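Below are structures written as structure tokens.
Two complexes come next, and they have one chain in common, chain A, joined by chain B in the first and chain C in the second.
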Partner chain A sequence: MATEKNGAGVSRRTVLKGAALGGAGLVGGGALLSSCGKKKVTGDVHWATRGGGETGDAIAKSVNDAYTAKSGNKVIAQQVNSDDFQNNFVQIMQGTPDDAFGWMAGWRTNARADAGLLADVSDQIKALGSSLSAAAIQGATNPADGKQYIIPTTYYPWGLHYRKSMVADIGMDPENIATWDDFIKMCTLTQKKGLVGFALGDKGGWEAMGTFDIINARLNGYQFHIELLNGKQSWTDPKVVEVFKHMEQLIPFMNKNILDISWDGMRDLLLQKKCGAMLMGSWFANDFKAKSQADYDDLWIVPFPEINPEFGVDTIDAPLDGVSVAANGANVEGGKDLAQFWGSKEGIDAAIAGGDTSIYISSDFDTSTYDAFNKQKLAVLGAAKNIMFFLDRDTRGDFAGPVVGVAIQNFLKNPKDLNKILENTQAQWDALPKL
Partner chain B sequence: MNTTAVDKKVRSRRSLSRNDRFTLSAFVGFPTFVQLIFLWIPALATILLSFTYWNGIRISDIKWAGFANYKNIFLNDTLFYEALKNNLIWLLWFSFLATPLGILLAYQIDRKIKGHKIYESIYYIPVVLSLAVIGIIWNFMFQPGGFIQGLMGRDIGNAVSIWGNYKINTYVIMAVASWRHIGYIMLLYLSGLKSVDPSLKEASAIDGATEWQTFRKVILPAMKPVNIIIVVITLIESLRAFDLVFIIYGSSTSWPLLNILVYQNFAGQGISMKGAALAVILLVLCIGPIIGYLRTVFKEDS
Partner chain C sequence: MSTIVQDQKYRNSQKRKDAFISTFIGFFAFVWIFPILWTIWTSLRPYSDVVSYGVFSWPKRLNFDNYFAAFKQMHILGYFLNSLYVTIPAVIITLFLGSLIAFIVSRYKFKFSLPLLLVFTAGNMLPAVLVYIPVFWMYIWVGDLVGNRNFLYNNYLGLILIHVAFQTGFATFVLSSYMKTIPKEISESAIVDGASVFTHYWRVILPLIRPPLAALGVLMTTWIYNDFFWALILVSQDSKRPITSGLRRLNGEFVTDFNLLAAGAILAAAPTVILFFVLRKQFISGLTLGSTKG
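Now for the complex of A and B:
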């Protein structure tokens, strides 16, 4: 999850302390590198759980214990605060990092791999074989050298979320919100009831990126979107203007305090039946379940409606998460071995036994026990041909937050400034150093 | 004892025993060393790096950029001007509202008006809190779902927009920051006022000066060293403002300040030396008041 907050966590200092402990094993690690091939990997392995509180720890313990039982290698795990880990990733990886850790595919993996901070796990992906689809492997591949630096494990869809009961209340079919017109009608009717038609929070500066992503993909297609984010299309292109014009159409239906609330505010609006719909990643569904089973059963997700028939609903934001291995870890081979275990059937089974509700990419993943909402999540993912990873993973880090995030916030403040904002966005892209 | 000035100088230099010399050099040397390592070297490195392109990873990746980072900031970065504006508003607000109010309160309390002890404690309480804590408190009050919204009977969906409302958020932030600053200035000024000889006031009262004349013509000039420190503190507090806003808005730049931009470009996920250039600009802005402050401090010593 791009910028998702995690309440529980460990301070960076603890991370460094743990990493320093890891460094003690450095001497032993070097020797292992030479012993490649099918030889048994040995030595303690350090693992970092990226946020998730008690659940995160329970899942990690379950998987790591299973690994220890299988390989005989002890795993020393710690939980790190997700945001701190992300923000200080470069520094942590240059110090004495944990060997393996949960990480995110896309720019955040590829750029750091190019800088020599992550270890090549192509062999491990080969070993996992056909359990990973070609698309998943493609998503995990660094375009710079065609190798993989992350073992993809889970993903989650960004889709239109609403409550079935509320859609039925306004006389529409909850299973059939398929086009932009349906969507606008739904917003209008909800608003007539005195509620927020389409909830949006962008206090964090990243939440509304999802709305931009999906409207751009619906209007102009996946290819255009990715090219735009990589400087091969211009932000002043009328096609981009059109995307923002569509966003502007939605503003009258939105809550009036967009820049006051974050993703959790949007969640609460839907949870409290105060809004008709919202676009977000499905990670919050557990909070519905925590409130009551009835609320959870009421929750539904569909692909963001079609706008341009040429592209239909062929694209989705589904950030790919996985396990990466630090190039500077004390036990790189051990890290790779553990990472592979996390992506294997035994690893996935152990994670589920530990309480994990994520959707795994692996075909070894058993979905037969899935509830209706999770099955629908799979269907939404399956409907898409192209997978985006979310704007802040599809483009460079010095552009996503500091430039695009700000541009979208400025647009939401003053939609009339659009042309100026887009010109400025392009100018700031042009001023970026070449990679 | 021979007490001519020259002799005294020579004597005091000679009278340093080996032990004294060791103590002195340790007392001077260690802080200097620490300053060098943790302040001067990083500061110089930041200045140099502001003229480069770098992502903070491999030294070999550093590329000379000339003034490109500065050009980008001055020509393209609308946030920079917004931040500059916000810092300036902060400065003006503190200079013309918060600081004078603090001085006024100090003066009133020093006159021992009725209940001055209670007032003093009330105004003093926020000073013991860090701005980060103040941010947490007021964010909890004003945010959607917060305490004040609850009192008004507003839920998240129809909460009054405060932090995200660009017509008022600046003033709300200023008011919250002043909440602490007023008490801080009051405290500083009060301690200064206590050291002013009361006979000065009596003398001016006997000469028939009004309260205002006494304050302006007698107290204020007598307080000159404190005044300068207060001016410098106000300047620096306004320029280095960060924590309060960071707590409220996180690393997003919804209400930018120069320091927040430095953080976003330098310490976040998209490390670029634009952050270094912003830090240098901030340094240049701060250096004036700092020099003024140091000069006053040294003048007092001599």
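Now for the complex of A and C:
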């Protein structure tokens, strides 16, 4: 298969801050620019929605219909299974791919772009203009050639989730879980009530990466974390050992079946009031709403507590999603045009009208109608000045899942083997073929 | 007197043995059927119930909503039709080609008849996962040749052909074993009467191999209908997927509604189960087909 290159740019994303918070005021410029001065794109465009069930289809239909109304080009949409699409991506892109589709920024975009599978959308990003912050564009840029292969649209925060009522129950202030000591106190008190202090499920091998990411960023800073993931720091470094020592402190508070449950197992523990807190992405909030409005109102998110005052809470895992265009599609120009529409104000408005609850990165995004939890998500995102994309998008694919994911699982099984596990991890990085 | 006591003893021990065997069989029958029962059970529960109260909770509501949802959201009828478009031609072509080859290698003696049969049977042993990348490239390449990449790839035709390619070996093997049991004299008299090779095949042999054709037809239908792998690899467009891989769409990126998925799975399995009960005889004869002479 085609060679894949590592998106090894260390400094490629720094400040996404404010992109979403900036909010309602800055309407327009980009969307207007996009429609002027370019030759008209014609022809049917094929679109693939990556998962999402009925809601995903409804959102896609709303946006694509709006695009058809504006451009006169018909959009033929389909929904694909998200895992299959991801796993067979290289093959699908070499066959007869849909022209445009939802995709993920980071390594997964950059490596496929280097292999010639994705079309350059730099012009479309230029056309979107000031609605995208410099940092968002930076995050979508392939370090290998400085071009963009994805139009960034949405992101979501990874934070500490808990129920406000349960924290109040143990006599703590739900709004103020700020430091590691607070956090440990919270876990201890919850555990005294006979519940799980800090829930973790790592059956999939990726869930606990979030915990590793954030503790590393809190202890050693964003720069160290990214350098570590790109082979510029050693896994046997005492700083990394310290990260795992902190994880080890949490193990006594955890559920005993860590490797038997996935992320949804953690969610259920919180939903059923069986655990005090968990660290996860905020995508599951709708399940709380589905149970009852009271459960949803009870749910809260805060940044993972501060450990090292030098870094405070300046970093967060907030994977950036967007729209990419297949280089081998039947209508590449049409695909680019559609992708740009998804990133424009009209596209975002249509998506929200279709039922989308994601947080858009564009400054055209109107957050005035947000409920308390969603406002808090924005605040959590806004508190950070460095954005990580999550471990499996910040490092090469043959290292993230097969090596780090397994290493963390092994550590959770046997914390005593830490040194051996870290040596092994470093040895496996060293053994990887150069990209 | 003593014989009666012995009889009694014997009968008792026999009873114990029977009881033991029944428990044993019952236990494994339960283990065997449990996943299916669990799937049916899951399909009757609403998703919100499971999320709120846990998988092992006592159900608050049981209904057929998931089945209606499967029809409505899944376009399950479209997937069923796709399965038919692929399965029926594939089975017919496989049986036709298989019987032709079997006819030649079993009724005519020539130098390569045995190696030919071996080659076809050996092809059956080839795991699909080993060859899917070359097959994919071949499909794209043929598509480029005729000027339409979707000629084989992402098309019913491609799926049908790959099933024919993979199943013909087994069909040949079974049919040739069966044909060897048909007395030579029948063929000899046909040839003496001046039948051409094709008449010999069409008018003499084909009517005689109806039982194995029926049995094979049933088996092949089940196998091809149940195929997941090729449909996943060779079809990129959701609207062309057969039911097995079409069901995959129900798995979300984050959230999977397993209750809905279970309902879809039950619906997908239904045709083969019904087929089995209707054509039980052919199924069972299919299992022992050609076992008397090989």
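One rule holds for everything that comes next: the second predicted complex is superposed on the first by the 398 of 435 C-alpha atoms of A that agree within 3 Å, B and C clash if a C-alpha of one lies under 4 Å from a C-alpha of the other, contacts with A are read in each partner's own complex, and residues count from 1 in each chain.
We take it that a residue touches a chain if its C-beta (ideal position, glycine included) is under 8 Å from a C-beta of that chain, and two chains touch if they have at least 3 such contacts.
Just so it is clear, the model here is predicted, and its values are computed rather than measured.
With both structures placed on the common chain, the touch criterion links A:51 to chain C but leaves chain B unconnected.
By the touch criterion defined above, A:424 lies against chain B but remains apart from chain C after alignment on the C-alpha atoms of chain A. One of chain B and chain C touches more residues of chain A, and that partner is B. Applying the stated contact rule after C-alpha superposition, one finds that A:116 touches chain B and leaves chain C untouched. In the superposed model, A:397 makes contact with chain B only, not with chain C. In the overlay built on the shared chain, the residue A:260 is in contact with chain B alone; chain C does not reach it. Looking at the shared chain after the overlay, A:272 reaches both chain B and chain C. In the superposed model, A:96 lies in contact with chain C only, and not with chain B.
Annotation: chain A residues 91, 94, 268, 272 touch chain B in one complex and chain C in the other. Contact residues on chain A toward chain B in their complex (touch as defined above): 86-87, 89-91, 94, 108, 111, 115-117, 195-196, 199, 203-206, 255-261, 265, 268-269, 272, 274-275, 392, 396-402, 405-406, 409-410, 413, 424, 427-428, 431-433. Across the interface of their complex, chain C is touched by residues 50-54, 56, 78-84, 88, 91-92, 94-98, 263-264, 268, 271-272, 283-284, 287, 290-291 of chain A.
Residues of chain B touching chain A in their complex: 53, 55-58, 61, 63, 65, 68, 71-72, 75-79, 143-145, 155-166, 249-254, 264-265, 267-272, 274. On chain C, the positions that touch chain A within their shared complex are 48, 51-54, 73, 133, 136, 140, 149-150, 153-154, 232-233, 236-239, 248-257.
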